[in-house]
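Structures for review follow.
In what comes next, subunit A is part of two complexes: it sits with subunit B in the first one and with subunit C in the second one.
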Partner chain A sequence: MSHRNGDNSGRRGSGWLTPSRRNILAGIAALPAMSLIPRTSFAEAPATSVVNTTGLAVTDTEVTVGILHSVTGTMAISETGSVEAEKLAIAQINEQGGVLGRKIKFIQEDGASDWPTFAEKAKKLLVNDKCASVMGCWTSASRKAVLPVFEQYNGMLYYPTFYEGLEQSKNVIYTGQEATQQIIAGLDWVTKEKGAKTFYLLGSDYIWPRTSNKIARKHIENHLKTKVVGEEYFPLGSTQFNSVINKIKLTKPDVIYAIIVGGSNVAFYKQLKAAGIDLSKQTLLTISVTEDEIDGIGGENIAGAYACMKYFQSLDNPNNKAFVAAFKKMWGEKTVIGDVTQAAYLGPWLWKLTAEKAGSFDIDKIAAASPGVEFKGAPEGYVRIHENHHLWSKTRVGRARPDGQYDLIYETKDLVEPDPFPKGYQ
Partner chain B sequence: MIKTPRFLKRGDLMAMVALAVLLVVILPMTLDVFRLNLVAKYLTYAFVAIGLVLCWGMGGILSLGQGVFFGLGGYCMAMFLKLEASSVANTKIQSTPGIPDFMDWNQITQLPLFWQPFHSLTFALIAVVVVPTAFALLVGTAMFKRRVGGVYFAIITQALAAILTILIVGQQGYTGGINGITDLRTLKGWDIRSDHAKLILYFVEVACLFACIVVAILIRNSKLGRILVAMREKEDRVRFSGYNVANFKIFAFCAAAAFASIGGALFTLEVGFMSPSFVGIVPSIEMVIYTAVGGRLSIFGAVYGTLLVNFAKTSLSESFPQLWLFGLGALFIAVVLAFPNGLAGIWRDYVQVHLVRLIFRRRPPPGAVPGWTDDSVADAAAAE
Partner chain C sequence: MFGDYSVGDLGAIFAMQAFAGLILFSVFVLMALGLAIIFGQMGVINMAHGEFMILGAYVTWMTKTVFQEYLPSLFAGYFFLAMALAFVAAGALGMLVEWTLIRHLYRRPLDTLLATWGLSLILQQAYRSIFGAREVGVELPEWMMGSKHITDTIEVQINGLFVMALTTLITCAVAYIIYWSRWGRQVRAVVQNRVMAGAVGINTEKVDRYTFGLGCGIAGVAGSAFTMIGSTSPTAGQLYIVDTFLVVVFGGAASLVGTIASAFTISQARSTLEFFLSGSMAQVLTLLAIVGILMLRPQGLFTLKVRK
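Showing the complex of A and B:
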């Protein structure tokens, strides 16, 4: 072999870097790396023509996916964790031999906290780059902006955030909780454990808090047969909560149910503390404050509050310990991991498992194969995809510690079924 | 120098031909449908920029709230499209079929009264022009009749942008809130999302753009335009000459609003949704930046400025997702510091001079060049 190549280069004179020579060199260079990869992954790698019949960006050695989050603008602080988690998952999958024998290559685009930009970039990832799947979006608004794009160009989106439900698409896998998964078990718990009879509902003024509070109200009034004593909304970014805090002091609800998002949280919890409401005595249940937000609020301002999520960084199981260690190794010791970050980590893994189940990267086959796909290595524990493209997962209640972490207080015994169009709650 | 009034001056005509070649021939031939649709999106902002040339460049009225008019036009169009997309068959999953999905999520069970007329396309198209213009008339009359101008006016327009955003976000049952009005599909049964439709919409938009450019040039070259410029330079003198300054200002502001609104309506058609993020302060200021980069005195410069800034925005953000905003910021600072007259100024001071010298080396033009006004030279110029 080497002899023949020698002949070639001799004949061509300056043929040192002929394509064939370059390929062989690359091949030789890759030999040591190959021994690290389980042999089976190469042996099983099916032909590109078989796994990709619709012209996605799949070669014999690589498959391209997109990452579409805001890394600039107001949402960057929230979405950065998701980007980091997705990159970690992709790196880990590649270490294990990739998907269907192909390494994952990612193209990252910035949504810039701007919904039309999200739509533009989503279109670019699907039309220009032919991404086999896209991990991305955070806010409902950005998802609503890209959804028609994914449906029109038949892409696959893995969406990580807990959200308001009322949506289901062939082209989206929702790896976060829809509203009922996050709300009902938490309200049941607080009623049973704390004997709560009266609730005060608060929220930022947009679709997710409003829909969530609507579900909470229906559950409180129709199922728990207790009372909502107040419900109020604040514009996004609002920092004045004194008047509502006064009303809370007057009505003395058993539970403050808070769905305030983003920077408003900082003002809200500080003003609550300044007004003398002690969260070790007053029960406050939130579904919007993860470890990421506490970073901004300050642990001492929110210690004692309860949060209803599906994941806390402090979860004590082997999957999570390995995940937290790997995450900190890659992104630094100081990073914290919130609920959404973990859900974002599930995206690439679920896509890999689905592609292997389907034996194909084709979007239609991925969509059809998704229901029933299970991921046993999830940091939150076992998860499975439902027919409606949401995840079966547990609901957990945690209590905030002054150091910014949550102590796990309660978790549902079984996985909670996702129900994006809940009957009797609309 | 006495000039013979003509319909369009030679410089304008040349600039127009150059722009037409770029938009109708070069871009559609070299770009795929996806990129062409991006250009279409950029061009919708060019409408706003042209309006700002009239209002700010010529009239000296700086409006930092053009997003309001862009948004109003866009929302008028979006309301019509949304109603068409919310047929009973499409929305049977909702508690109340036949109304837009976001109303259903907000427990609204009946189409609000002010949405009703938007079932009609004719009404929607008329509203696109009339609603923002009427609003501009209202604001303009209230301000200019009281001789509020300059910085105060800019601040008030900015406040208007903030108010409208808060109103839209707060009344989400009626407006779609922060998500905006999304998932628009068809225009009278014609699917606006297909590649074919995008191509047609692009050419329709270019036609509208040229119509607006012609109107803007006519205004600039008319006596009205002269008065606007005079007003910018020395308002009191114009007033003492017997002109009602306020009315001219109101006119310029309304014209800019109408242009912005047409841009907004086309934006909705091109992009397929409308949201409050185009109404607020930030997009309004961005629109002023497009005009500044293009050269605020030049109608064609505004178009090129819009295209350049948006191209830079897209390509920088694709190549450097984490750093692109710094690059963009640097671009703005560089332009404003080094070239206060924008692209049009660069063309006029550095390119045009040489070009003219090259063409007329032997035979100095018979008064042609001096005969051009600064503005039209700049315009002709920016055109390559």
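Showing the complex of A and C:
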């Protein structure tokens, strides 16, 4: 149902809201200046009655948004980075004069790694606090829990995590990659560059790794015409991988394709190293290990592995350098920035740009104006919102260094189109 | 699945697999010992067992950081000091917890369950506030990483050997303390008849406190050792708790031999099944088998005969 809704609004949006050429040019011209000159143009702020016709928490000087992540419980480990990135983005936007002449004020709620709590807090942010938008959620389970709330009370959610796809909603902007964006380019690359013929698929046992491996298997078997020699899942939190490592040794796959998450990740890479599998010789491609995870795994245990995602902290472009410097200044020299953290940083910016394009904070207008919104200041490089509310973005392959950073090895030439309902992959 | 492999290959894999089973066995024993002591000797179900392990892991991490910063030349040996500190820290916290919380609840076993569960949540959040929500990386000295190369296909994991040696050492120490030392006799006397033990002059409160401290201390050492194979984060203790309970309950409370036998059975079953089936399926089958056996033998594999 949600899928249909999203589709329609998307199509409507693309019709009459294509940005005019002048807008684009103005945008390009303004961008380099954006970070230099704070635009404190409060005088020009449009009247509240114009930008807010549905009773959101917008005053003449302030607009309220929500941040909804787990800062306690088991997911805090992953979601901390997202919270930090969103706060940084909000602070930077405020420094430049805010959105439609209004400073952003945020209300932070803790989902506490518990999905019903997420739904409850989402309702509080939308119904009591009347947030104009919410940056939040990390796991698919938490997103699925809040989705009906956002659709019922008509809110706007900016969701940062790369995820399995198979979802689309008028009320959500997905700033991470959906599965096909992340998977297909990586498999093509490893086949072409490494001459890979056999793959061993591994994953933690829940929806994201299973859906992703399903897409990977279809692509490997139907498009690359190569072979999957094993596919295995381990319960979340599993800490013993010696048996599967033996199986890998027996089957000698060209590529280990690993989608293991959380604490299991640490156990897996430590045991892989202890078992004498040398990642400088054995190709391992993962889509679940960002710089954040390497902190726990230890760079020396994973050096040599390849990761396929859209962002690495080491990306060499001016946007990213400024972003990394600002992030470290705000959150400490030792913090690292992974793919999802960067995607979370995009949320407030995309919302700001969309609100300015729509000239309104109204949810319906934001939803309709979203397709086509471009953010040229993104640390990962230029991104654009697709009609299906996902982002066009490049896919990149990086290789882990012992110091916990990735070296960029490959990036797609063009932006990869998001395709949350891929035909022939389900 | 074996059609394509030579006899040599298969032999090597079976050797590796047997070794993997032994490592898992050592890990299980190490996890379960502390809990078995507390549960067996005191009847307290310590739901915060995993958090005591993680305290050990964090102590190891702190020791590592200090050595890296101030004593890089001695880094190769820091792990031994870290384990000793982990034992002391977890043991001390255990005694404190016994004194402030557990001793008031001895007559209400179900309440200890709730209280220690609450304690586990408090400890988790404390770790999160003190050490941050993110995982910390515990680097090992060079000699503890990697594997010994025996043949082209057989590799013996050094951290596996280390855990096995440590488990053997600690198990022997615990067996000595419980069965041969004077203090162990007192502990067993208290288990068999608390009132009588008190009557002959044993300070039962002190015995309880030290027993709890010992169990927690061993959990701390286990946590310290597991930084070699697992993650260190505020909630990582939860990863171990289910397996730990399984081993203790299946083995029959109050029996060291039972704990060891049950750890052996479960680890071998799991690692064999994991080889032939997928990881999730292996766990399901192991759990089903354990449930089945416990239905037939609710008291577990081995039990102490105690006059009730």
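Keep this in mind: the second predicted complex is superposed on the first by the 386 of 426 C-alpha atoms of A that agree within 3 Å, B and C clash if a C-alpha of one lies under 4 Å from a C-alpha of the other, contacts with A are read in each partner's own complex, and residues count from 1 in each chain.
Please note the rule applied: a contact is a pair of C-beta atoms (placed from the backbone, for glycine too) under 8 Å apart; a residue touches a chain by one contact, two chains touch by 3 or more.
Small disclaimer: the values here were computed from a predicted structure and weren't measured.
J.: Taking subunit A as the common reference, can subunit B and subunit C both be placed on it without clashing, or not? Answer clash or fit.
T.: Here subunit B and subunit C can both sit on subunit A without a clash.
J.: Between subunit B (first) and subunit C (second), which, if any, makes contact with A:P235: first, second, both or neither?
T.: After superposition on chain A, A:P235 lies in contact with both partners, subunit B and subunit C.
J.: Quick one: is A:G377 in contact with subunit B, with subunit C, with both, or with neither? Answer first, second, both or neither.
T.: neither
J.: Applying the document's definition of touch, where does A:V71 land relative to subunit B and subunit C: first, second, both, or neither?
T.: So A:V71 meets both subunit B and subunit C here.
J.: Once the structures are superposed on A, label A:A145 by its partner contacts, choosing first (subunit B), second (subunit C), both or neither.
T.: Touch status of A:A145: first partner only.
J.: Considering only touches as defined above, state whether A:K124 meets subunit B (first), subunit C (second), both or neither.
T.: first
J.: Which partner, subunit B or subunit C, is in contact with more residues of subunit A?
T.: Here the partner covering more residues of subunit A is C.
J.: Using the superposition on chain A described above, determine whether A:K214 touches subunit B (first), subunit C (second), both, or neither.
T.: Touch status of A:K214: first partner only.
J.: Just subunit B (first), just subunit C (second), both, or neither: which does A:G304 touch?
T.: A:G304: touches no partner chain.
J.: Just subunit B (first), just subunit C (second), both, or neither: which does A:D114 touch?
T.: first
J.: If you stack the two complexes on chain A, which partner ends up touching A:D205: first (subunit B), second (subunit C), both, or neither?
T.: both
J.: Would you give the minimum C-alpha distance from subunit B to subunit C, in Å, for the three-chain superposition?
T.: Distance of closest C-alpha approach: 5 Å.
J.: Shared contact residues on subunit A, subunit B side and subunit C side combined as an intersection?
T.: In the superposed arrangement, which is not itself an observed complex, subunit A uses residues 71-72, 205, 235 for both subunit B and subunit C.
J.: Which residues, counting only subunit A, touch subunit C once they are in their complex?
T.: Residues in contact with subunit C: 71-74, 76-77, 79-81, 205, 231-235, 237-240, 242-247, 249-250, 262-263, 265-267, 270-271, 273-276, 292-300.
J.: Sort out for me which residues of subunit C touch subunit A in the complex.
T.: That would be residues 5, 9, 13, 16-17, 19-20, 23-24, 27, 125, 128, 132-139, 145-147, 149, 153, 155, 157-160, 226, 228-236, 238-240, 270-271, 274-275, 278-280, 282-283 of subunit C.
J.: Please give the residue numbers of subunit B that touch subunit A in the complex, ascending.
T.: By the definition above, subunit B touches subunit A via 34, 37-38, 41, 93, 95, 102, 105-107, 166, 169-170, 172, 177-180, 182-185, 193, 271-273, 275, 277-278, 314, 317-318, 321-322, 324-325.
J.: Please give the residue numbers of subunit A that touch subunit B in the complex, ascending.
T.: 71-72, 108-110, 112, 114-117, 119-121, 123-124, 127-128, 140-141, 144-145, 147-148, 152, 164, 166, 205-207, 210-211, 214, 235-236, 421, 426
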